[in-house]
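Before anything else, here's the structure in question.
Naming follows writing order (A, B, C and D), and every chain is counted from residue 1.
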Amino acid sequence: MSNVRVGIVGPTGYAGMELVRLVAGHPRMTLVYLAGSGARTGPLDAHLPHLHVLADALPPVEPLDVHKAADLCDLVFVALPSGESGRVAWEIAQAGLDRGVKVIDLSGDLRLPPEAYEAWYGRPPLPREAIAQACYGLPERHRESIREASLVANPGCYATACALAVLPLGNLLADVKGPIVFDAKSGVTGAGRAPKEHLHLGELANDVYPYRVGQHQHTPEIEQALGGAVRVLLTTQLLPIPRGILVCAYIPIPPDEAPMVYDRYASFCEREPFVRLLPDGQLPHIKAVNGTNECHLAVRWDERSRLLQVFTAIDNLGKGAAGQAVQNANLMFGWPEREGLNLVPLWM
Amino acid sequence: MSNVRVGIVGPTGYAGMELVRLVAGHPRMTLVYLAGSGARTGPLDAHLPHLHVLADALPPVEPLDVHKAADLCDLVFVALPSGESGRVAWEIAQAGLDRGVKVIDLSGDLRLPPEAYEAWYGRPPLPREAIAQACYGLPERHRESIREASLVANPGCYATACALAVLPLGNLLADVKGPIVFDAKSGVTGAGRAPKEHLHLGELANDVYPYRVGQHQHTPEIEQALGGAVRVLLTTQLLPIPRGILVCAYIPIPPDEAPMVYDRYASFCEREPFVRLLPDGQLPHIKAVNGTNECHLAVRWDERSRLLQVFTAIDNLGKGAAGQAVQNANLMFGWPEREGLNLVPLWM
Amino acid sequence: MSNVRVGIVGPTGYAGMELVRLVAGHPRMTLVYLAGSGARTGPLDAHLPHLHVLADALPPVEPLDVHKAADLCDLVFVALPSGESGRVAWEIAQAGLDRGVKVIDLSGDLRLPPEAYEAWYGRPPLPREAIAQACYGLPERHRESIREASLVANPGCYATACALAVLPLGNLLADVKGPIVFDAKSGVTGAGRAPKEHLHLGELANDVYPYRVGQHQHTPEIEQALGGAVRVLLTTQLLPIPRGILVCAYIPIPPDEAPMVYDRYASFCEREPFVRLLPDGQLPHIKAVNGTNECHLAVRWDERSRLLQVFTAIDNLGKGAAGQAVQNANLMFGWPEREGLNLVPLWM
Amino acid sequence: MSNVRVGIVGPTGYAGMELVRLVAGHPRMTLVYLAGSGARTGPLDAHLPHLHVLADALPPVEPLDVHKAADLCDLVFVALPSGESGRVAWEIAQAGLDRGVKVIDLSGDLRLPPEAYEAWYGRPPLPREAIAQACYGLPERHRESIREASLVANPGCYATACALAVLPLGNLLADVKGPIVFDAKSGVTGAGRAPKEHLHLGELANDVYPYRVGQHQHTPEIEQALGGAVRVLLTTQLLPIPRGILVCAYIPIPPDEAPMVYDRYASFCEREPFVRLLPDGQLPHIKAVNGTNECHLAVRWDERSRLLQVFTAIDNLGKGAAGQAVQNANLMFGWPEREGLNLVPLWM
């Protein structure tokens, strides 16, 4: 039953083109509307030759018309730059209110309370009612609310990878007294497709470096996703590869809980369709989840330092963006969570 | 009707693991047998974590047993190193003769006449009858014979990319008086997965270089695929990327044929399900065909030099190996040629 | 005797920063003036942390003042984008005329006759007298004129690599009847440092593709460097690496000259301080000349196709830009040609 | 006064070839002896074409002869694989005892007490007297002993980058009560040049992953370098680039010391010729120290988590191997510490 009509706003950006790929392969979705805010209109595969194989399934890219989006679609993904995306998502949600249109925004605009947004993004927030209406779309934490939501704020890529490293702790999190350190590394598509000097291959090839340390806007998002009870240090580092996030979380759990903690992770991962606990002795590879919505996770108690160490790997455009958005759509429409998301990565 | 039982010999090599991915996603194939010649046995995803999502569909890897392969399977892909692969394919084909087992060998062992094989591979050839029985599996040239074949020699990656640049000329090829130059570049997976110093990332990163120039074993294969009428210079060059082949062919067609040549390419590509003539002004990107069985092709007449210039891009593991093997299987079983091969690449 | 005072205009671009490195290490040069046309002023190592080790030897970057450059310096390198660079070089040359200031422009602005420039660059040329005064700075061809010149047009990177593949033919070039094909591949710094979408690491990583084929502005430059007697087809292709050019030239020499051609290359390379003929059986690696002014060259007669095949590898920022500019400066000042250019590459 | 005669054992490995480059450029050293333990003998540039420019300064590579090394050389660098290197270094040191030959071993064989070596390297240790004689060569901690030493155990690459992040704390280290976490990432040359599957470019390109976590043999070396008073968690991660180490250290100093801690780092770095404290707001780039002996360091107090965060970047083959070995040699011979080490990196 492939009859949910889908629109994508921003299909030439990195998250947007990934959404096109996922929606085109989803058995219950039909792509009916593609709209951009820029100059790239017409056949999508004229801009993105790898999508030619989908050409017959792709509507032409049009200049964005919020009302048309709300009229044509049952579901709209909005994947524009932060600062523009949330407003568009909110406008479509309002325009489609009576038709019951569902909207998922992939930007950071609807994820934080207005005060936190202004402080961390350095830009005026959207109206409080917009933010209040948006449900934070981390299925592993907010599954039930997402099912009921009509407007979802899709989580950030770093925030997803960090939160998934800690959420399996469950109520043990309350006993974590010290700060949690997230040492996180990301491929370059996390920075968007707009050309900037530091993203030039001549600059980034052969380099790795930290950036925005202590100031990254995903910091408050992680603290919020963890329930607000822990202090977090997020170290963000840029990798000279297109995709993927690897996080190492250092968590000071009470040492006497160490023997039981592996079971907590195991049972969490058993319940969660996209979080996989790696067999003992294996550690996650960024590459092993490329192009998918999977999260690979490894956990170990380090007796030497008496710290719990958790690794997570996701695709920043998969579980960190487009994949998670489709997972959220599956929840919003009451479908199986893995519908359209049984994706097999390339190893090289 | 997913009832053709498939075996893959060599599933931990680069072509083999790609076959696993393609067969697992093919609507008419069921993977029933995985066998290796080396030490890697047991669950395949223990060696290849990215395949975990397929774990339920994967039989364990066993030490190769030719008779078991011939008994269990309707179709066997053999993807071992050259020198070993053809012999195994031939043995399975013989063992499965009465059951009508179909075998596709991805190595170079069954592609050339014995004398040429010995000269270019520097190694004794397989028995003449084995080679005689094998059908050279380039669908764009031998489609009808492939449909009837029970043993197929899947073409080489360079040979495929080069032949596809010239085959659209059709009978005009007879008027090409001078040599055809193929300046070809390949990603590193074309060299196989066995560790060698020159494939070490520390060696190859940031480098590009020619190798085996004038001595590459795909040279006679190309000449044979083009009907033996032209002299060929194949320049092979190694790229510091995992996948993809880009070929630029320089063809001295008679200049007065130049005005009509584009139409020849257009009508060839219209007939061929996997060869796409790019719109005027576009040139192929290796990336745009990654993970697929597509060949992107651009053709231009260069008035300055009076040479026809043709670019082709394929994935060396797709149309250059596993993808083409599945295309051949589709022909051998009488299925639509694109069955199981509507693959959408990642752009990054 | 380190008393030639040097200025560099454009020190934050790729060729410019390489000039800084070379000039700072040159025993007869002292860096006295750094000027940019953009917003980056002040200490150079604030923009380029890798140059911190030179901080004491670096004058601050100032907004460009043509007269100051002409007053302070004995030698000025101008490495601005084409369209701006040649004009600045010409103005400095004029302003420094009575002081005998020498100027080397690294752009394409002064390399071609006005008509050719306009046709290939699509932009109005500089005054005919400026172009007439500039000496084309390919030492292997114009050594004597460079020694006398006060204004040098430093050759293009592709043009250098292509010309060096053919110049050793000497008067045999007159017997080359057919076109010469140059299949050329370049690292991304050849495209400059200004951010553009196609240079984004997310776009270019894992990709290789041809561009501007038959339209590249180095085409007429190569034909001119070869004396105007041959037709040339230049295929330019972008590599996902920072540096390096690899050219394969296919040259239809008269077959009866084949036995003697290796000696022509050997004796040319013996005379030339920066062109190295590789030992028989070796082929050039881009990496082996990175960061240097060397050109590695291999030549082979291909009996099958009856074509002479010549490979050259240079660093597009070395022999293709900054290194060659310093070589030209050495000639202009009457110093040994390798002065300051005994550079040892990193292998990885 | 270039009269110290130098031998290098293992010149075709990654650290060895870097030593060749550094020694050849050192104003007080002359390379007189090159010896390998494997099959690569004869002219070094036959194996390493980038070293051709040094050909006249390179003795041929010979099969190793310990006594010849001790007779010919005043100083020998030994850069063989761990397990073999320390024994060779010890033998040369003994053979050259009366001549006062100085030996620097770049392996891990002489860095740890025998018991720790056996536990972490899983291999029998060298004789206790060998280990006792070797001076651990971290100049920032053992400068005075190195000056007197005739046998130096050059530190490990991770150990150097980690120790340098903490040593500036000085006596404050005694007040660090909790564990220090080192989240460390390294380019692939740290794993040596011997071919292994996981170092294949097809495997490692586009990937990043942790390995040997909690088991890396540099763990006890770091604890020892820090005086044995702190517990350490070392997370080692492999990067798809040739060179460079980036470490982020998380250090639980007493919060009331935070205001003074920057000054400790500043004064340490002022004294140290190769450790550079980056200006406030800058963070280190791996690339900025490539090919050099520099260490770039940034320090920040994170008020949110109340942790001191220190970043260090070094070249694993520079300050992490060959560069540091030359720095140690400078100390052993009483020369200025930066002699021969004023190296300027390439930015791309």
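Just so we're on the same page, a residue touches a chain if its C-beta (ideal position, glycine included) is under 8 Å from a C-beta of that chain, and two chains touch if they have at least 3 such contacts.
In this text, all values refer to a predicted model and were calculated from it rather than measured experimentally.
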Identity of the chain that, by mean CA position, is farthest from chain C: A
Distance between the centres, which are taken as Cα means, of chain D and chain C, whole angstrom: 37
Mean-CA-position distance for chain D and chain B (Å): 45
Mean-CA-position distance for chain C and chain B (Å): 40
Overlap residues in chain B, where contacts from two or more other chains coincide: 14, 189, 202-203, 205-206, 240-243, 284-285, 287, 290, 347-348
Chain contact graph, described as a line, ring, star, complete graph or other shape: complete
Residues on chain C engaged by chain A in the complex (per definition of touch): 14, 187-189, 193-197, 199-206, 240-242
Touching residues on chain C, where the partner in the complex is chain B: 178-181, 183, 185, 202-203, 205-211, 213-214, 219, 231-233, 235, 237, 239-244, 246, 248, 250, 283-287, 290, 300, 302, 304-307, 309, 311, 313, 348
Touching residues on chain B, where the partner in the complex is chain A: 14, 17-18, 21, 24-25, 46, 48-54, 189, 205-206, 242-243, 276, 278-279, 282, 284-285, 287-292, 294, 296, 342-348
